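Should a chain be cited, it is by its letter among A, B, C, D and E, assigned in written order, with residues numbered from 1 in that chain.
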Amino acid sequence: MLDVAIRRRLGGFALEAAFTAPSDGVTALFGPSGAGKSSILAAIAGPTTGEGHVRLDGRDLLALPPERRRIGIVHQDSRLFPHMTVERNLRYGLRRSDRSGIGFDEVVEVLAIAPLLSRRPATLSGGERQRAAIGRALLSQPDLLLMDEPLAALDGGRKAEILPFLETLKARFRLPILYVTHHVGEARRLADHVVLIAEGRVVAEGGPELLAGAEGEVVGVEGDLVTIRVSGPLPRPGSHVTLT
Amino acid sequence: QLRVFAAASLTEAMQEAGRAYTARTKEPVSFSFASSGTIARQLEGGAPADLFVSADAESMDYAVAKGSIRPGTRRALLGNSLVLVAPMASRAKPVAMIDGRFPLLARLGPNGRLAVGDPAYVPAGRYAEQALTKLGLWRAVQPRLARAENVRAALALVSRGEAPLGIVYATDAALDKGVALAGRFPAASHAPISYPMALTTRAAPTAPRFARFLLSAQARAIFARYGFTPPK
Amino acid sequence: MSALEAEALWLSLIVAGRAALVGLPLAIVAAWIVARCRFPGRTLIDALLHAPLVLPPVVVGFALLLLFGVQGPIGALLDKAGIRLVFTSTGASLAAGTMAFPLMVRAVRQALEAVDPRLEEAARGLGAGFWDRLFTITLPLAAPGLIAALVIGFAAALGEFGAVITFAANVPGETQTLPLAIYSALQVPGGERIALRLALISLSLAVAALLLSEWLLRAMRREGRDA
Amino acid sequence: MLDVAIRRRLGGFALEAAFTAPSDGVTALFGPSGAGKSSILAAIAGPTTGEGHVRLDGRDLLALPPERRRIGIVHQDSRLFPHMTVERNLRYGLRRSDRSGIGFDEVVEVLAIAPLLSRRPATLSGGERQRAAIGRALLSQPDLLLMDEPLAALDGGRKAEILPFLETLKARFRLPILYVTHHVGEARRLADHVVLIAEGRVVAEGGPELLAGAEGEVVGVEGDLVTIRVSGPLPRPGSHVTLT
Amino acid sequence: MSALEAEALWLSLIVAGRAALVGLPLAIVAAWIVARCRFPGRTLIDALLHAPLVLPPVVVGFALLLLFGVQGPIGALLDKAGIRLVFTSTGASLAAGTMAFPLMVRAVRQALEAVDPRLEEAARGLGAGFWDRLFTITLPLAAPGLIAALVIGFAAALGEFGAVITFAANVPGETQTLPLAIYSALQVPGGERIALRLALISLSLAVAALLLSEWLLRAMRREGRDA
């Protein structure tokens, strides 16, 4: 189990968040822009400065220096090393790990970054950069994966390829994943557990059903009328919806 | 190999003397030229010098006081005389001997400066100060001095026409084609110009031989060609 | 080029090259301390690092003479260990390097301050400890600045006169670097021509160092691409 | 009308795109990661180097230096000026424009950045940064607006507020907008015209119907069955959908 | 402090301050040319900018004498305009500034190269022309480097001896800056005490300049926050 309790002051912003997450599932951190999601991830992975703890199966990770916490993190901005090729970026964490569960070739294939391996980050597109960053985090063989809107810059097709891979990952490696996203569909698809954040605090914690919105199965099509069996909260009649 | 630490103003003459010595004895001599004050301190710091040739008594006194000099080896090597120079272009009318009536200020013009080695530490500048004081010109000219770091720099200021007049050694004046002799200072107007030399405490056994050579007639002839006079 | 000039050139190269190469790691340490560490007295240390710059070179030479002379506290120790600095070409490097040091520290410091700390943090998260980060992230990212530091250190050491002549004296073939040879040439009436030639040799060395540094930078950029 | 024809070589990538866009509507640039969308925007707004033209109502913008093209651009990375407060960032373009159609207060309100005005970009969250960048571009009173995934970092609520504002904007100022997004719903909602890009080329151009997916209005709710009147392509029975 | 020491201190401040302040805009232009412009002969210009660094100060002083002396091509012109450089404190600034110039150019250049060109591009898109961008984006972003350039320029000018005394000679109250006074004191056996005191004054000036620069940097950071 992942047990997080964080307390920080950032300028005028007070972060005071405590929640728990299952140790082998995806926990979605959900909340409006500026709620403190990225700050929570930074507090978990960065230098220990404020109060609090981050216990993973009992051990307090904050007691370790960041380089020994085995936390993989994908930042909102990719933070690739500009002086290395994509391949050297990917291998950076891999080389420094004593495990090898997540394979280089596998990651390269799923993220479709083989053609980029010899390129420098500066020449990549936004989505390409983000994929490389995801790969780099995965290959460091983490015990805990933090992802900050990792798929926001990706197109639907690429997303649809990476999502199942993340699902496999969590199944195969029993790796807890904290996943920040603004995309309800993405969260509902991946998340086993949802933590709602607002103004630096946890306002609700629970299952995927916490997320507003709905998904379902198309059960009938008649002319331009489509009938869907929905799970989750029901939309109000007259409201405008998008199907994806 | 012998090492001679000598005043920078002796550079060329000493090098020639060294070559002559090597030609005669097959013994190489190497030099390190710097200002005499610097050398005195370098000796204190353990410089690997066998012989010190200073451009002034003060630096030699300092070396003696600091125990860098082998007692009893100090000798007066050379003398020199002090002259007034003007830029060649000025076509200055030479004056044989400068006395108290010399119109120094008038010759400097409204804002010209008199180039000298800095009297605070350059031997030539100190002699110039003594001479000007003796001749009663010092007080008037003192605010008009351009104090250079060494005699050569003072000379350069005159030969470039930056200063209309300068006081330097006769040896320097003789070799710079950019300057004309504008006058001589009476030998009695300043302390005798003397270049003392001495063996250092760590001098090699062959060092006295070179020191003797410098005092020989052959060496004197070389020094004379550069305008140096025998010591007073 | 006369044999003496060639000797001065070669000696300058050795003296300045050694000063820059030995100076660089020390400059990195010093720059790290003033750029990255916060402790009382930091500004004082920073100021002391500038001392060789604000003091006339001759004073620095004398200070070195006092410290590293055979009578000096450090010099006496080194002397026992059989190491002589005063009046040797190693000493010339020490003097030239001391004068160039503040410039190197400045250049390294500016480069260190321009490194994005978030990248170092990212490396940390990937398991890289302090030294690992230093050598794989910080210094490579600061590399253009390090090369700038080498160039400026080399150039300054190449031109250093006052501290070298004071500390190491002016012995041809031993400590007479190009600036000292130029000085000596200027002492001789009519030596301007030789001085000019020596000055041009100095400048060519600087050009060579610059070209080398630019080539190095380009090579480094390429290397990252192929690896 | 906006008439774009661009030809560029970027390392191993060849960009060769030509399309037209209505002069007062939103044109969505759609395509997979690495297709060349950001590169097209860069070619339109940046220094003229390759071949091609960008004609806005007849004038070739590429004949002008970038600072006189009156193009507002929101980059994928916000590119706020780090040494200025958010307010000074916002006013940067405003001050340099001789018009004043789009008002400071209005933009600040819609983007909800009033509390951020005195802050430095380094202290902003990802979404806050992006909103400031949108505001800066709008306030430069552009003749043409380029937006590269401007809402990707924003939460649904914020998006829902900004989208109508962009709609008003295009209605009020008859401003052509090139809009890069990976989000079908967003594109369908905003776009009058769609340009599909792949591998540096335009592969299709047309109306919003080009976009796969569908949206509609909820007409009935019975138990967990929801009936929706759909416009656009109909989903296949049995398929899984998400409603947003 | 004796009156003469106070005078030397004051003069040094003026001479070095003027050298740094006048030197900065020139250094910015020079750094811009070598950092941002690509043209054949760039490396040569770069090397020439380093010349005062690699040449002994005395040679630089001598070269200035040839150029700016009343007989020199530039000096003759200035003389007609009633401007005298040799033997004046302005001349001392010129000499000190010339020696410090390569260091200032280096610092500015490093700062310019660290500015993210995408931000300049962004400003361009917002309607900012060349000068506008220069003054609102490039230079403010390079500000820490510009301040570093000022500090290093001031420190180097403060310590400059050889070029000043060669070009401007030692005219007390006019060109006798601290290094010249220190040098004078040191050349006289037993003058160590005075030299030490003057050296400490020099160092204090450098400390003051450093503190001022750090305060400036902080103020600048604050200013951006409040505006």
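Just so it is clear, contacts are C-beta pairs under 8 Å (C-beta built on N, C-alpha and C of every residue); 3 or more make two chains touch, one makes a residue touch a chain.
Computed from a predicted structure; not experimentally measured.
With respect to chain C, maximal separation of chain centres occurs for D (centres as means of Cα atoms).
In terms of their C-alpha centroids, the spacing between chain A and chain C amounts to 48 Å. One finds 35 Å separating the Cα centroids of chain B and chain E.
Centre-to-centre separation between chain A and chain E, using Cα means, comes to 52 Å.
Centroids built from CA atoms put chain D at 82 Å from chain B. Multi-chain contact residues of chain D (touching two or more other chains): 119. For chain E, residues touching at least two other chains, in rising order: 58, 62, 162, 183, 186. Contact of a single residue of chain B with at least two other chains is seen at positions 38. Taken together, the chains touch in the following pairs: A-C, A-D, B-C, B-E, C-E, D-E. By the touch criterion stated above, chain B contacts chain C in their complex at residues 3, 5, 8-9, 11-12, 30-34, 38-39, 41-42, 44-48, 152, 172, 175-177. Residue ranges of chain E in contact with chain B, taken from their complex: 58, 62, 65-66, 69-71, 84, 86-87, 162, 165-166, 169-171, 183-184, 186-189. Taken together, the chain D residues at the contact with chain A in this complex read 10-11, 31-39, 76-77, 119, 123-128, 131, 148-149, 152-159, 182, 184-185, 188-189, 213-221, 224-231, 234-244. If you check the complex, the residues on chain A that touch chain C are 45-47, 65-73, 75, 79, 81-85, 87-88, 92-93, 96-97, 118-120, 136, 140. Of all residues in chain B, only 35, 37-38, 40, 58-59, 61-62, 65, 111, 113, 115, 118, 120-122, 145-149, 153, 156-157, 160-162 touch chain E in the complex they form.
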